[in-house]
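Some structures are shown below for you to check.
Heads up, the next two complexes both have subunit A, just with different partners, subunit B and then subunit C.
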Partner chain A sequence: MRMDTVIMGGGLSGLTCGIALAKRGQRVTIVASGQSTLLFNGGSMELLGHIEGKAVTAPLEAIGTLPQSHPYSKIGADNIAALADEAKQLLADAGIDMEGSAAVNHWRITPMGVAKPAWLTLNENMRIDSLGKLPAKHLVLMCIRGFFDQPNGMLAQGLRELGFEVKTVEFTTDDITALRRSPSEMRATTLTKRLVSHNALQRIADQINNLAGEAEMVLLPSVFGQTDSTDFQTLQSLVKKPLRLVATLPPSVAGGRMQTLLRHYFKMLGGNYLMGDSAVSGQFDGDRLLSVTTAKLGDMPLRANNYVLATGSFISRGLVADYERVYEPVFDLDVDADGDREQWTRFDVLEPQAYSRYGVATDGDLRCMKQGKPIQNLHAIGSVLSGHDAIKMGDGTGVSLLTALAAAKNILSGK
Partner chain B sequence: MAERMQLCNISDNNFEECTKCSICTTVCPVTAVTTDYPGPKQAGPDGERYRLKDPAYYDKALKLCLNCKRCEVACPSGVHIADIIQHARMRAGEGQRASLRDTMLANTDLLGKVANLVAPIANATLGLSPTKLVMDSVMAIDKHRTFPAYSRQKFTTWFKRHAAKQQDAFSNHVSYFHGCYVNYNFPKLGQDLVKLMNAIGYGVHMLDKEQCCGVALIANGLYKQAKRQARTNAASIRQSVNIAHRTVLTTSSSCTFNLRDEYPSLLDVDTSDVRDGIMLATRFIYNLVDEEKVKLVFRQDYKRRMAYHTACHMQRMGWQLYSIELLRMIPGLDLVELEQECCGISGTYGFKKENYERSQAIGSVLFKHIEDAKVEAVTTDCETCKWQIEMSTGLPVENPISVLADALDVDATRRANSI
Partner chain C sequence: MATNDIYKKEYDVIIVGGGATGAGTARDCALRGLNVLLVERDDYSTGATGRNHGLMHSGARYAVTDGESAAECIKENMILRRIARHCVEETDGLFITLPEDDLAYQQTFVEACGRAGIRADIIAPDEARVIEPSVNPDLIGAVRVPDASIDPFRLTVANLLDARINGAETLNHHEVEGMIINQGRVEGVKLHNKLNGEHVEVRCKVVVNAAGIWGQRIAKLAGVNISMFPARGALLIFGHRVNRMVINRCRKPANADILVPDDTVCVIGTTSDRIPIETVDDMRVTREEVDVLLKEGIKIAPSLATTRVIRAYAGVRPLVASDDDPSGRSISRGIVCLDHAKRDGLEGFITITGGKMMTYRLMGEIATNAVCAKLGNTKPCVTATLPLPGSEEDAPSQSDTTKRYSFGERAAIGRHGSLAARIEKDNDIDNALVCECEGVTVGEIKYAVHQLHVHNLVNLRRRTRVGMGTCQGKLCSCRAASLMGELNHDVKSAQKDLATFLDERWKGMRPVAWGDTLREAQLTAAIYEGLCGLDQAVNTQRKEDEQ
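Up next is the complex of A and B:
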């Protein structure tokens, strides 16, 4: 099967790259081994959140100070602003409406009530532009009775520490109570499927209108709208006070929605998305990749002019560690990782961990290295890249989006 | 060294790889519509931990699982969640007799043989409201369901009388595992395959001995019978692939998945040596076209707008690409690829009275997508999806092979392939 480009990995970076290429008329196939880590995303994108433990206010400026090994440096600090605009537009074209600027970070609220710097946040989610200027003083946190995915106490405590006056109110409706028959499934992604009818939303609105009291703003867990923001908008129209959602523990409704919308958009542009399949090996001719064998297509490998590796980090099995080494399991590409296993981790899990920065080695154009030489038609993008740290630097989603767009440009220009 | 044992300590179902991320639950069509089912994570790897300690932890709600495999497709860690659930059901069902209703539904070929003999009577009777009421109340087969009509002439009878003789004249050959549906209900699909393969220079042959693949037997707990039939089929397939060097083609995604993957994983009937020799006809034909070994020429006057539905087992096999890409070769076909959703029938599941409402609730998302697509017909590789979609949307549903055969300019294709 012959394509213009085959992308291995169907998460944020793979889909973004696929969309950018398909929009320019390329025939693209994405091989996605299961759902992606986008389902762990609460509805925000980060460009650069922290450098050495300090919160970044102006990411575009801070990016200029990153070392040459960071993916942003490879795609050129001067190109970041334009790529960030392009990424925001691509998300909007897919139906993902987010607010934010690459020049100045705002703050998103984690499910545990911590404020973290962010670049883009879904319109309906709680966001704070400046910690000195809160969007409201008095909040009511509406807690769903029996709900698993929101630690209410910690969330309220965190919000109070940010300066909010927070009242927590527990509530339920018949629709929610019915779900409690299966206590293991009182989860965000299950609830969202039951809270779609106008009547179900009206029952929630009634509770909010009765219980919200004097609060200026109502906070709810993000369980509305698995396919778009219509359910949230309906609910807002039924509630008298301004409403904001707070990210839940994963799997998240917002993340699932973003994944679905990006996949729809990609397929609408004519792309093939092979869900539940994975690349297992490649056939090389010198410094070129000729074809990729997948688990499901078996003896009929995928052939393309260009290939993109977007298989993610350890959690998505784009990287694997055994007792001996860290390796890239599809092509055995060169990886940037310590040889000595003792160096991989630190005992305190909250400390920066060396393995977070491990990834495949690339040249200045994001082409993968194998035995010290770049593979001419194989780019790496997203979390599989070395030199960044999604957890400690808050650069994961930004690297995924921007390297995807940069690689697409390289491919289209024949670089 | 002791810690290295971890590397060897991986079960067949990859059960240890579960990270409890719960992504499987987000795609489960049953969890979406009922609180009676604990969801794939709980029913699969989580519950298995308890069941390994004590089989008494088996939860009867596991019978609500459709075995659609969507959880396995979604799992980022490669855990065979549905297999874990199926195995648990098998272990719990050992020594128990299946009900008359389940036995009847499961024996698709036995039912077909009898019904073929009396097709006009069977079709009329099975469609009558008194019969449906009796089936509903006595047999617990839901009255809303209409049994697929039985053909007066079996596919194999047609083949013997009208096609078998011509097949040896071709220079290339394949075998055809037609399955129960083609044989008893819808011989036209088999005839379409013969028409298509003959037009590109391939003779089509029956297997030495074909029995029902057993997918419905497994779903209804008749494992011993399923195993017996699997052994018979495996022997015939081996004869075709290894001795006669004929690839075994199929036109049903569920039969194919069963022959290739469920035989070894659920029934312990090893088909690994011939697995690559069993495939959907769309994959086989796509590959021939892709490698420029054959050409397909389509009718100029063909014009239709259809939606392609990826059956759950088709997605589990990962082969929808072949059917879709082949269909896209038809110039007059405006093809809409539907978002993958479960239709809710899952073989015999939706026929059972206790499952009817759940089955329709599960399918409602897909039916809405089909309605929104504004198409004149739907195409899918699964026959039970066909029944469900036809009953629920009123639109005709065709197998991609039938669509291709219909759109094909047979004479021009034969000329293009010098036949």
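Up next is the complex of A and C:
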């Protein structure tokens, strides 16, 4: 069956683009390897967090100062506000309720108690709108005994430095001790699967009600709600004080849930999601991509009018570095990267690393370049794009969402 | 004993340097009834001890060029198989001849091995391909020798533990910054405690300089001159073990001609370059070194071409200069023990240097003999026969299939031998794994923090292997940092410690940052910087520290 659009990559950008196209009636296939970097996302989206080490307060304004090579500049600084609204609505339609504004960043609380600038944060997560105006003074941090993927000491210390009074309390329930009997790693996602029944949640609520003391707000690790926020809401209804969740080390429950909800929404809109497959090569005719061969479909290539590359950065193997060069492994597209291996990295681990900015080269309309010429029907979106540093600039999720919507518009308008 | 009480005591002997040689000397001195303090400026096994192949030489490599060293090697090799069996994997080794090598050298080699007392059996290339499937199938000759694989970290810790069991004190992160000299006699050392910044003096009758390549500096502090010959060697670690046996090239020693299996990984090395003494602290591996190691390594075992490189590192051989050989290879690996009373007229100061990790025990024996001669101690050396803790006859064995050990217990027995019994395992929390790559439990971390002089994550890695698996500490380092912060009641430095640890891991990954190693680096950055904001936290703390 011929598709309108084939998207390679089923993470945040691929799914967002797929949803935007399917909503407008397109027949869309997503080829997804099954891994998504959303598992490293604690439940927030970032538009632009830092420029050269300085926290950004007004992202829409700051975006205007970015160089032409940045993906935001390519989709037009003037279009960002509208695309950001659209993205927030799309997430809400998928069942992901987040709060925040593109005009002013708020602060998300990281697993180590650091406040980082954010654009949108899940409603149930701890957040601070203004560092001078904390949502509560006295917090109790409820630590799950034997759960090591929340560094409680660092988290409490970080919150205290932000001005909170923090009491830490260790607790457990029968469900948790049963799980801890196994010596293997107790991950956030494992706990979440255990903590679903009303009784299990009631046992946690009892502990909280007993131990919370005088605190105004109760913090818990984000281990509730595999597929939606109902478990959190149930727990909140059983606890007398307001509850907030704090992201854990990966795999993130909130990130996994966002991935699942987006996938369900895409399928609900009629999208075709090929799980566990990946594109391996393409057949070109001049400046057009004719078809894409995948690992599993073999000699039955996928054909479509338009193609979108959303395969991510090195983590997701959208980019590959070998001993000699950085390349894009599916189509051998042009990449923006240094040729000399010595230039890829810096000596100190926490310095900005050059490889973070590497990605496929695109024209002003996000069309991929091959041998210096744009491929007319192949767009690139998300982390596979060059010109931004998701880690140091805090723009990864924003670039994924907004370039996905911009590419969808280009495709729909026949650009 | 509390550190302050350690400072107050007066010792028979203070040993400078916490590598294998210093540890072996401390053990020997303690076993002969001396009052011993060992000081190390960084962590145990930070220098050349922790920066080699982990090869337990049969001596065959030196047979042709240095018969004396070869004979020492095989003797110590046989001793270590008995006294340190929990640190040794008896793999045997091959010396292979490739089409580009001269097969006539094989005969010279086998004869030289015979003279040194090293068993060397010529086997057919076909047989070599069967017993070692990873070997280059084009080989035209092979000789089997009793090489083996040894864990130098475990070996050093076992020596230190036994020294302490026999009354010695040991201090890591204590740097010698001066000598107390009185009327031509060394009477103690001036120390800088790098953990709290304190400066102290500790007194003794004899100082043993076992500081490896840094021994030249230590000697200078005592006002005597030793000319060291720093010969640098770089190595690469591959992500999994391709070879069963040690594989060497059967030719005159050259670059990258030994591939050693170490536990679950394998190591190719080394290069050899003479470097100026001022640069011995710069352990950066260069692009050229990586290129040579890969090119030559693939000739030994072609599958290395497609095996992930997880780390590069370099060490400096502490040889004593004797001629002007630019490669450093024809110089004797022989042991040098200098009594500075005889050499320089300075009493109470002995330098033990040269040699190899393989001969650390013999070096300890020689140095202890020199100390005992000065102090009139006549007790004989027993280190050649007395097993190290963990290698006693009744010690539990990792490979004992009659026992039902958990993964964590089995791994801990491998690391700590009989001392694994000291690890708490009475409850679910203590048994919980913090590092799944290496099987490290909460109980083992507690044991390391409380009993093995662990002050930071890098210390912890050296004692327990946390973060040394293929993930290079992706999640376990945060868990361990958090746990240690709680155990030490010092959460504040936990983040800085974590950043230092990640940086130390990165220093080894950076020279080989391509393929999956670059992927892991980006993943680690996504977790610790992107998700957690560790960079932000550490930068804020550094600014506060400056003010």
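By definition in this document, the second predicted complex is superposed on the first by the 413 of 415 C-alpha atoms of A that agree within 3 Å, B and C clash if a C-alpha of one lies under 4 Å from a C-alpha of the other, contacts with A are read in each partner's own complex, and residues count from 1 in each chain.
Convention: contacts are C-beta pairs under 8 Å (C-beta built on N, C-alpha and C of every residue); 3 or more make two chains touch, one makes a residue touch a chain.
Owing to the predicted nature of the structure, the values given are computational and were not obtained by experimental measurement.
Undergrad: Between subunit B and subunit C, whom does A:M300 touch in the aligned arrangement: first, second, both, or neither?
TA: In the superposed model, A:M300 contacts subunit B only, not subunit C.
Undergrad: Is subunit A touched at more residues by subunit B or by subunit C?
TA: In the superposed model, C touches more residues of subunit A.
Undergrad: Please work out whether A:A82 is in contact with subunit B alone, subunit C alone, both, or neither, and reply first, second, both or neither.
TA: Neither partner.
Undergrad: Just to be sure I read the superposition right, which of the two partners does A:R341 touch: subunit B = first, subunit C = second, or both, or neither?
TA: The answer is second: A:R341 touches subunit C but not subunit B.
Undergrad: Just to be sure I read the superposition right, which of the two partners does A:E185 touch: subunit B = first, subunit C = second, or both, or neither?
TA: Both partners.
Undergrad: For A:A390, is the partner it touches subunit B (first), subunit C (second), both, or none of the two (neither)?
TA: A:A390 sits against subunit C, while subunit B stays out of touch.
Undergrad: Once the structures are superposed on A, label A:G34 by its partner contacts, choosing first (subunit B), second (subunit C), both or neither.
TA: After superposing on A, A:G34 lies in contact with subunit B but is clear of subunit C.
Undergrad: Kindly classify A:K193 by the partners it touches after superposition: subunit B alone (first), subunit C alone (second), both, or neither?
TA: In the superposition, A:K193 touches subunit B alone.
Undergrad: Taking the superposition on A as described, I'd like to know which of subunit B and subunit C A:P250 touches: first, second, both or neither.
TA: Both partners, subunit B and subunit C.
Undergrad: In the superposed arrangement, does A:M275 touch subunit B (first), subunit C (second), both or neither?
TA: A:M275 sits against subunit B, while subunit C stays out of touch.
Undergrad: On subunit A, what residues does subunit B touch that subunit C touches as well?
TA: Touching subunit B in the first complex and subunit C in the second, residues 37, 40, 180-181, 184-185, 250, 315, 317, 322-323 of subunit A appear in both lists.
Undergrad: Over in the complex, which subunit B residues touch subunit A? Could you list them?
TA: Within the complex, subunit B contacts subunit A at residues 3-4, 7, 19, 21-23, 25-27, 31-32, 35-39, 41-42, 46, 72-78, 276, 283, 286-287, 290, 315-319, 321, 324-325, 337, 339-340.
Undergrad: Under the stated contact criterion, what part of subunit A meets subunit B in this complex?
TA: 1-2, 29, 33-37, 39-40, 178-182, 184-185, 187, 189-190, 193, 250-251, 256, 264, 267, 272, 274-277, 294-300, 315-317, 322-323
Undergrad: Report the residues of subunit A in contact with subunit C in the complex, numbered from low to high.
TA: Listed in rising order, the residues of subunit A that touch subunit C are 37, 40-42, 53, 110-116, 145-146, 148-149, 151-154, 156-158, 177, 180-181, 183-186, 247, 249-250, 252, 313-315, 317, 320-323, 341-342, 344-345, 347-350, 353, 355-356, 390-392, 394, 396.
Undergrad: Quick check: in the complex, which residue numbers of subunit C touch subunit A?
TA: Touching subunit A from subunit C are residues 284, 287, 294, 406-408, 428-429, 431-434, 436, 441, 475, 478-479, 481-483, 485-486, 491-492, 494-495, 499, 502-503, 505-507, 510, 513-515, 518-519, 521-523, 525-527, 529-539.
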